[in-house]
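The data blocks that follow each hold one structure.
Paired with chain B in one complex and with chain C in the other, chain A is shared by the two complexes that follow.
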Partner chain A sequence: MKSKYYLKFTGKYLVRMVTLLIAVSVISFVLVSLSPVDPVQQYVGSVPNVSVEQRAKIAEYWGLNDPPVERFLAWGKSILHGDFGVSLLYRRPVLDIIREKFAASLALMMTAWVFSGVIGFGVGCMMGVWNGKWPDKILKKVCLIMCSIPTFWIGIVFLMIFSVQLGWFPMGMSVPKGVPADQVTLLQRIHHLILPALTLSFLSFANVALHTREKLVDVLESDYVLFAKARGESKWSVLKRHGFRNIMLPAVTMQFGSFSELFGGSVLAENVFSYPGLGAAASAAGMASDVPLLLGITLFSALFVFVGNMLANIIYGIVDPQIREGYGHE
Partner chain B sequence: MSNTAAVSAGTKPRKLQINRRTKTIFFAVMILAVLFSVYLAGALLSDDLIQADFSKKGLPPSLEHPFGTDMLGRDMLVRTIKGLSVSIVVGVVASTVSAVIALIVGVAAATGTSWLDHFINWVIDLVMGIPHTVLLILISFACGKGLKGVLIGVAVTHWTGLARIIRSEVLQIRSQQYIEVSKKLGHSSWWITVHHILPHMIPQFVIGLILMFPHAIMHESSLTFLGFGLSPEQPAIGIILSESMKYLSTGMWWLAFFPGLMLVMIVLLFDRLGENVKKIVDPYSAHE
Partner chain C sequence: MKNESILSVKDLSVSFHMYEKGLEQYDLKVISNMTLDVRPGEIVVIAGSSGSGKSLLAHAVMGLLPENAAISGEISYKGKVLSQKDKEKLRGKEFALVPQSVSFLDPLIKVEAQVRGPKPDMAKIEAQKEIFKRFQLDEKTEKLYPFQLSGGMARRVLVSTAVLSGAEVIIADEPTPGLDLDMAMEALKVFRELADEGKAVILITHDIDLAFHMADRIAVFYAGTTVEMAEAEDFRQGEHALRHPYSKALWRALPQNGFEPISGFQPYAKYLPKGCLFSPRCPYKTEKCEEKIPMREVRGGYVRCIHAD
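Right after this comes the complex of A and B.
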């Protein structure tokens, strides 16, 4: 019974993932085909003396003269074979670049994710407990203002304060300059990671805190909390037994649903700090009209967001007793 | 602000009593006036004021140049206001288009056949499934960058949230009895939508529209900052901030600090405006 349910669950997800990825690839392919940028011109770049015949040859080689549908099918076929093409910008296979850059980005995104999740949840709980009192009012104002601050500007401000004025942190990049890659210590990497991660977590931190606050206030105003108080439970025990348990679920959804924002924010944060991650590569690919890389990163980012949402649903099933019990009854 | 609060709390002078609704309307109008004057100032200030003047390059903030000058000797205050003006226009146009899309899509999903509803939900999931910034980069790339790319990009990516809200509102209204009565009276689905459902959508539409501005403005400036938006000759906050990156290590903090701060202020003002309008048009939220 249970295994059948899991099978259905996984099957449904697989179908959704495949349709989503097909749709994303169609849309992004149509979008890049619409671009007025001439890929041959972009490829040739500033190299002089490229004759018209040579250009035509490149266009022919890339199949630029074929109808769009044919090009899409050819591209889709090679992707299914695991060939995402070669990046014009880095002159290396797209998949290698994504793999390499994503490792750097993942460190950054996960640090920011944990920062904003843990601190945001904590601050949100504090606001909820102090609902309506002055610490709550001040924190709420601060969070609302934080929501309105663009990621890239706060990154610049952090750089100005902590790197230029105080000199606590380096001016960007993920490793110190002039040090061979194999000699970079973990501590140096972390040192370079802190400021970008803080910047990235800035926006979602406020969101998480405000969201947690709303939920906790709802819970604390409920009848069962009133009853618990009447039984003589202390504030802490009410929070532990009723508060946290009931706000856990929305917090999990929120946290895993933020993968999209996280990735989007990393594009900006990585650009400000010249951090060599996937986000910086995405905007670089767009600027340099590096179509294979841009398409590859788009597909990958959609997959990343999808995995986030899927994880949220799986954890939901584990954490929520209602869904957990419901497995057997379906 | 404390003045009016004190007056409304006291009971003595009758004609000065201002209730919360009046106060809210007053603040909304004030904010609107501020935003409009920023727009006008940016549109009316002559370009001569930001001519390059190398005798004044890189000056820190002073009385003459409150925001300092940049490396070409241009006054940063004028550049900032011009940039904000452009941002406001882009924000208003893009979010209006986006809100209209949301209204059409939301109503269509709720009133149309079930396959249309499924399809629209699927499209919303799809748009939300690609990180926003990546989608904006793609669309801007498709439009060949520039102002057009930003406008289209911001307009076609912000409607999803509002469309979902409108869809569920319409579904709720459609289950009301007076809709059933109207159907039995022989009115067509179109007639019911126009006469019974759309009027109910006005509050959500207006609030959604105004609360979309902050996002639209932030995304416009982010995209411009990354180099996909407005071109370097145009005044834009994104351009100013990406330029300032070059001079950060020289300690010229005013190049980035004030323009960004002003952008945050504009975003906050739009946010406040949205909250105030929400209190005016949506009686339920006024009691929070």
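Right after this comes the complex of A and C.
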């Protein structure tokens, strides 16, 4: 009974994921085809003495003269075989680059994600408990201001204050300059990570805090909290037994649903801090018209965001009895 | 008077501080000069239409009013006037509330854990199983979440919490709607037994008929005040035994007594009339009705009307 339900659940998500990826690849393929980027020119680059005939030959060899559907199918087929092509910018296979850059980005994104989730939740809870009192009013205003500050701008401000003026943190990159890769210590990496992670978590932190506050206020004004008080539960017991339990769910969902903002933010933050992650690679690929890398990153980011949303749904299903038991009795 | 009252409410007024368009503020007086008392071993039924302040009275006694509520008058328990702190200490131990609907149960906690409360001992679990059996809630019910309960089941679960609390004063806010006649009778019988064990029960209800047969005394509320407190016997005897014109009208409006409504409607708390709150609908209204009307004793009951005799 239970395993059948999970099988159905997983199957549904697999189907959704496949259709999503197909849709994303079709759309991005069409967009790239319509763009003025000439792949042959990009490939040849600044190499002189490439004649018109040679260019035509390259185009013929790549199948650029075939109808679009055929080209898409050919591209799709190699993607399915794990061949994402070679990046023109880095002159290495796209998959290798994504793997390497994503590892760097992951450290950055996860630090920011955990930081904004945990601290944001904590601050949100404090605001909810103090609803309407002065600490709540101050924190709320701070959060609203934080919400309206653009990521790239706060990144530059952080750089100016903490790197230039105070000299506490490095100006950019993920490792110190002039040190062999195998001699970089973990501490150095963390030192380089702090400012970009702080910048990235800035926006989502305020979002999480405000959202948590709103939820907690709702819960504390609910009938079941009134009844808990009527039964003599103390303020702390009410918070522990009813408050946190009931705001945990929306908080977790929101946290996993924020993967798209996280990825979008990382593009900006990594650029400001010259942090060599996937976000910086995405904008570099865009600027240099590196089509294979751009398409690869697009597909990968769609997958990344999808996995986040899927995790949110799965956790919701496990934690919320209304959904869990509801499915069970279907 | 066989017993001293355990809980008494004297001249209770509750008003809410409200904001209107922009910064305009006003106080909405939802309960005015309400009087009520209950003795150990009896059931006092509070009757009155929606908006007459029945549930608010329950919340005021338990100290559960929201922060924008201003409260005046006295609520005393065992002869001691209660402060907000006292109420917080007493609730759950000496006072128990039976709330109205399933929304008063935490949606994420199983029924058994909610009924037993935090950290139950064996005796409590036994008692819970006992009372569930009595209400024909089977073992499976314990493992359900609130959203899986039917209206009637939820009602029975809520009543069980009060029975388990061991409180001296039980305030039940409409415990019977949604129950079939047998179940409603069973629930009321449980309250009767609690009263017979020496507890004091305040029963807020719309099921006037049913309540009249189980009650010892009846308090009639109108527009946030007590208009009459009488022995339940008076209601069983009929219109002539009652004192306030509104109580009489309520009696006449019952299906078996003519099913006869009176015209007009209960005034909204913002536009209360001066003096007697019932005067705009009263056939006996005189000029004197616009002055302050005290509660006075007439034929063994209490009434807030200068014309009653």
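As a working rule, the second predicted complex is superposed on the first by the 326 of 330 C-alpha atoms of A that agree within 3 Å, B and C clash if a C-alpha of one lies under 4 Å from a C-alpha of the other, contacts with A are read in each partner's own complex, and residues count from 1 in each chain.
FYI, contacts are C-beta pairs under 8 Å (C-beta built on N, C-alpha and C of every residue); 3 or more make two chains touch, one makes a residue touch a chain.
Since we're looking at a predicted model, the values are computed, not measured.
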| item | value |
| --- | --- |
| Partner chain(s) touched by A:55 [first = chain B, second = chain C, both, neither] | neither |
| First (chain B), second (chain C), both or neither touched by A:321 | second |
| Chain B versus chain C as contact partner of A:241, first or second or both or neither | second |
| Contacts of A:71 with chain B and chain C, given as first, second, both or neither | neither |
| Which of chain B and chain C A:36 touches, first, second, both or neither | first |
| Partner touching more residues of chain A, whether chain B or chain C | B |
| First (chain B), second (chain C), both or neither touched by A:189 | neither |
| Partner chain in contact with A:224 - chain B first, chain C second, else both or neither | second |
| Of chain A, residues touching chain B in the complex | 20, 23-24, 27-28, 31-32, 34-37, 144-145, 148-153, 156-157, 159-160, 164-165, 171, 260-261, 263-265, 267-268, 271-272, 279, 282-283, 286-287, 289, 294, 297-298, 301-302, 304-306 |
| Contact footprint of chain A on chain B as seen in their complex | 125-126, 128-134, 137-144, 214, 218, 221-222, 225-228, 241, 244-245, 248-249, 251, 253, 256-257, 260, 263-264, 267-268, 271 |
| Contact set on chain A toward chain C in their complex | 222-224, 226-233, 237, 241-242, 245-246, 249, 320-322, 325 |
| For the chain C and chain A complex, residues of the former touching the latter | 59, 62, 64, 91-93, 95-97, 99, 101, 103-109, 117-118, 145, 147-148, 161, 165 |
